[in-house]
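Common to both upcoming complexes is chain A, partnered first by chain B, then by chain C.
So, the complex of A and B:
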């Protein structure tokens, strides 16, 4: 009897979850479907999920030939990698010193970090743009990377994680003869991989998908990141060729999906270990 | 010659005095246990010696060198932590090798990849490996060298931590409750091992513990710290038999020492029931004093002529001995006695008994806690006097 009711409950829950998942995935599924439709079918009045005529090859060829997809993807990889590297290199020593060293300004700095979390990039976009313009570094990787090299979110996340590292471990390292830099490199970082992985996902996803900042500082197609490239593609090349546009979108979302699937286990581990689960 | 000496170390956190002028000297190869209740400042003192914390004032001398301004890494002290503090990402062997690698290899030689190309590092690394293996063999952990701390038991981790501390032959050895995370059986076993290792290494050791039996059984000298003061530093026997302060007497000994309040008259005579003690001092007027007697020196009997009368309230059977709790008729205070099982069989709860105290084992303390030296007056004659 109870087993029976549990089964019903289970089925209900499963249905509800599936429905939710479907709802969230619907736009992406529709994008996959559209990427395989011919122009005429997209604009027809009927709405079908499965393309009548499979035009995947055609659309992908268009997407790959009309814009320089390798350049876009390469730009995306370079920008995301540089941003992530800079963020980690800056944030880890910052977070370590605030979590484990005693100094008077620690509290004040903590307040600054909290305040920093509240300021969105849009608020500082204009002064940054003017500054980059004066420095004549618009249309460069530097302009794309520099504003994000210091991430208060990263400092905050690592700070929480480092606080959980036992003080004794740091003390033992000091007695063993390590300098503070040595402690960070040899003790803290090797034990902070879950936090670094979790942060990597946050950072890479955010900057890979970012359209706002590249749109502000880049007008040269050679430095366009994938979302900006799509924008150019739509405006200049494709016009209303939504099939090809969707195919291009599919291509630029694939690396992230693949990366997430590969790192899924570590990602979940990192989120639970940093206590971000809420 | 003293290897380690501390002069008048003080430390306070946010207005709270943690250490109030602690001085201590440790000779060559000496094992000193720092014991006290939690919050007495013993761990803080250890951290100050290690250089992990700074004293507000005072001087630390290690091997004839003032080290107050020297960084922890350069003091050549080794420490075993309560949590062992092994590097979780390194194997046992790598953990033990860390202090050697940090000292022998140059910064460039330690760099990953590039370091392997530096000249001379191969020889040093091989030498370090040999030493790690020797150390591990002597601690019987050579079969664990490839395991990470997460794959080891508490006892094994503790040995690895000991090995890491000992491998570089420090000039002072610090241990912060290294046995408190082990189970009871292992702890007794590990006590003997640590003492044996200490004898072999001959390095002065400061051993912090809150466990009085650990302190008394392992140390050459015991330092009792209470409320940020080092109240007494003496051999285990002296500190137990002849405590300099009531807090020392109270802290050491299981069950706790009996402390009873009484008064001392102007001539320095203290009367407690039929017991009369003559203190080695005089005071202008009658003052309250404390009498302390360890439970093993309290005798219970059926005789009517003991110095006090009491009624048995409770007995605790501990196998080789029995703890008897009784309440004194005259002052209504509890007194605890340690008796043999044979005698305990004759004692029944609620039974009136006479209480005797071995006269030369009664200790006098001022109400402020300091020990007052007592010349004991013969109890028998005192008794006669009481009768006459």
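So, the complex of A and C:
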């Protein structure tokens, strides 16, 4: 079992992993290849990967002209940023109270948090939709963000993390005359960065990809998030113009994939931490 | 006497701390009530009404909605499809993820590369990648059927035929969820103490299979339970691919729970009826979580 000698087992393992990797990458390979093909070529030879005539520019122009991609991406960024900020600002003080203060309702809060973990947006969507409709706030960033401003999962995750912060650290800060808010901001948060980054990745991936809620509250293209925008694009694209469709897909998937590739270690750590704690 | 004198300031300090705790938790409590508890309660209540959006009045109809659900062929179809989808995606995705995690863990070279590749689908926009899969599955110009044709196999009309549409969607679901499960398994595998393997070897566990059976498998218990629960829940929540690619078709062959709820509630605006469906959906989630806790209590005590 020496690590560096080449054995049949190792070769077999490597081949299996490579074959699997190729299968998993196949959709991306075909996406990139098809985004550069002209309509006629797509219909004639689907297995050749390199376009005979490079139609990238043409397809990208088409993709960009049908639906405003910059607006979609900007909406995605705004919505994800607002959601994440609200979640953190709301959850951190609450988790701190539950973990480190003499908070009588802490046990009761824990029950609420556990209950909340059970309820996805799909379950609360109908009453929220009716309420938002009555309040005439559909088609707005507020409608997209508000239901996610509270993340019981964030409370749960931060709670576990805060419990591990030594009490002495907090007592010392108190003796130095820091207020509780000051302690949260200057002692707790700096000590909880790993949990906060992990949660940031979890939250952004979840809300960047979410289709259900935007589909429910947004009918106006100006507020469409990337998944919803792509749905509009598909609807506008009658027939099978796969070249333009793949170009649009490429533009819309690229930001998150780029972020993932740049910070893949963080991503995996974050998913592991949020996954296992959840 | 001295006690009273020193207790008083402590009590006052405690009370002050309690007040601050309430203040710090107040936003979270308010929003929790507003956006989670109240709507959940409302959905249960709405499930007993004939509320429709656009109509001013509504009345309580008792269990009428639920009675209608039992006879609703679309809903029953939808439940069955969701169950079939889950029954395919969960085991396959878990088995594949575990196999890949074991292979990656055993290999010293290229760990990061393979981990990145297999995780990539989990970090990609599902609606977008579903569109790519639609092209791959295309009956005439799709690469999958073109590939099958090389071997003389006439590929099916994957997403367009009621016999294969669920399998097509399941393939996408598996492709998308393997990476996530794999990352969790990798974390579980790294957490197993090396000396356990050495000990097992001393005790006569010579082959890889023995070591897997005696050490890896039992030590992975908690991870396995967690991955299983979350996989089932995610499969039950399948929506994006169905909405993007099939709209429940053809012939309701891919109607799944969340899509049916979406359709009834937000397209036909039958809020009362859709709420009853939502209650069923919630009940399924509750039962799944309850089962997880039960198993956690009884069996998995290695963590």
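Just so it is clear, the second predicted complex is superposed on the first by the 245 of 278 C-alpha atoms of A that agree within 3 Å, B and C clash if a C-alpha of one lies under 4 Å from a C-alpha of the other, contacts with A are read in each partner's own complex, and residues count from 1 in each chain.
The rule is simple: a contact is a pair of C-beta atoms (placed from the backbone, for glycine too) under 8 Å apart; a residue touches a chain by one contact, two chains touch by 3 or more.
Given the structure is predicted, the values throughout are model-derived calculations rather than measurements.
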Partner chain(s) touched by A:187 [first = chain B, second = chain C, both, neither]: first
Touched partner set for A:267, first chain B, second chain C, both or neither: second
Residue contacts on chain A - larger count, chain B or chain C: C
First, second, both or neither for A:27, with chain B first and chain C second: second
Common interface residues of chain A - those touching chain B in one complex and chain C in the other: none
Residues of chain A that touch chain C when the two form their complex: 3-4, 10, 13-14, 16-17, 20-21, 24-28, 30-31, 34, 42-43, 46-47, 89-91, 93-94, 96-98, 101-106, 109, 112, 115-116, 118-120, 122-131, 133, 146-147, 149-150, 152, 155, 180-181, 184, 205, 208-209, 211-212, 215-216, 226-227, 230-231, 234, 240, 242, 245-246, 249, 252-253, 256-257, 260-261, 264-265, 267-268, 271-272, 275-276, 278
Touch list for chain A against partner chain B, complex: 166, 168-169, 171-179, 182, 186-187, 190-191
Chain C - residues contacting chain A, complex: 14, 17-18, 20-22, 24-25, 27-29, 31-32, 34-40, 42-43, 46, 51, 53, 100, 103-104, 106-110, 112, 114-129, 131-133, 135-136, 138, 141-143, 146-147, 150, 175, 178-180, 183-184, 186-187, 223, 226, 230, 237, 239-240, 243-244, 258, 261-262, 265-266, 271, 274-275, 278, 281-282, 285-286, 289
Chain B - residues contacting chain A, complex: 47, 50-52, 71-73, 77-79, 81-83, 85-89, 98-99, 102-103, 164
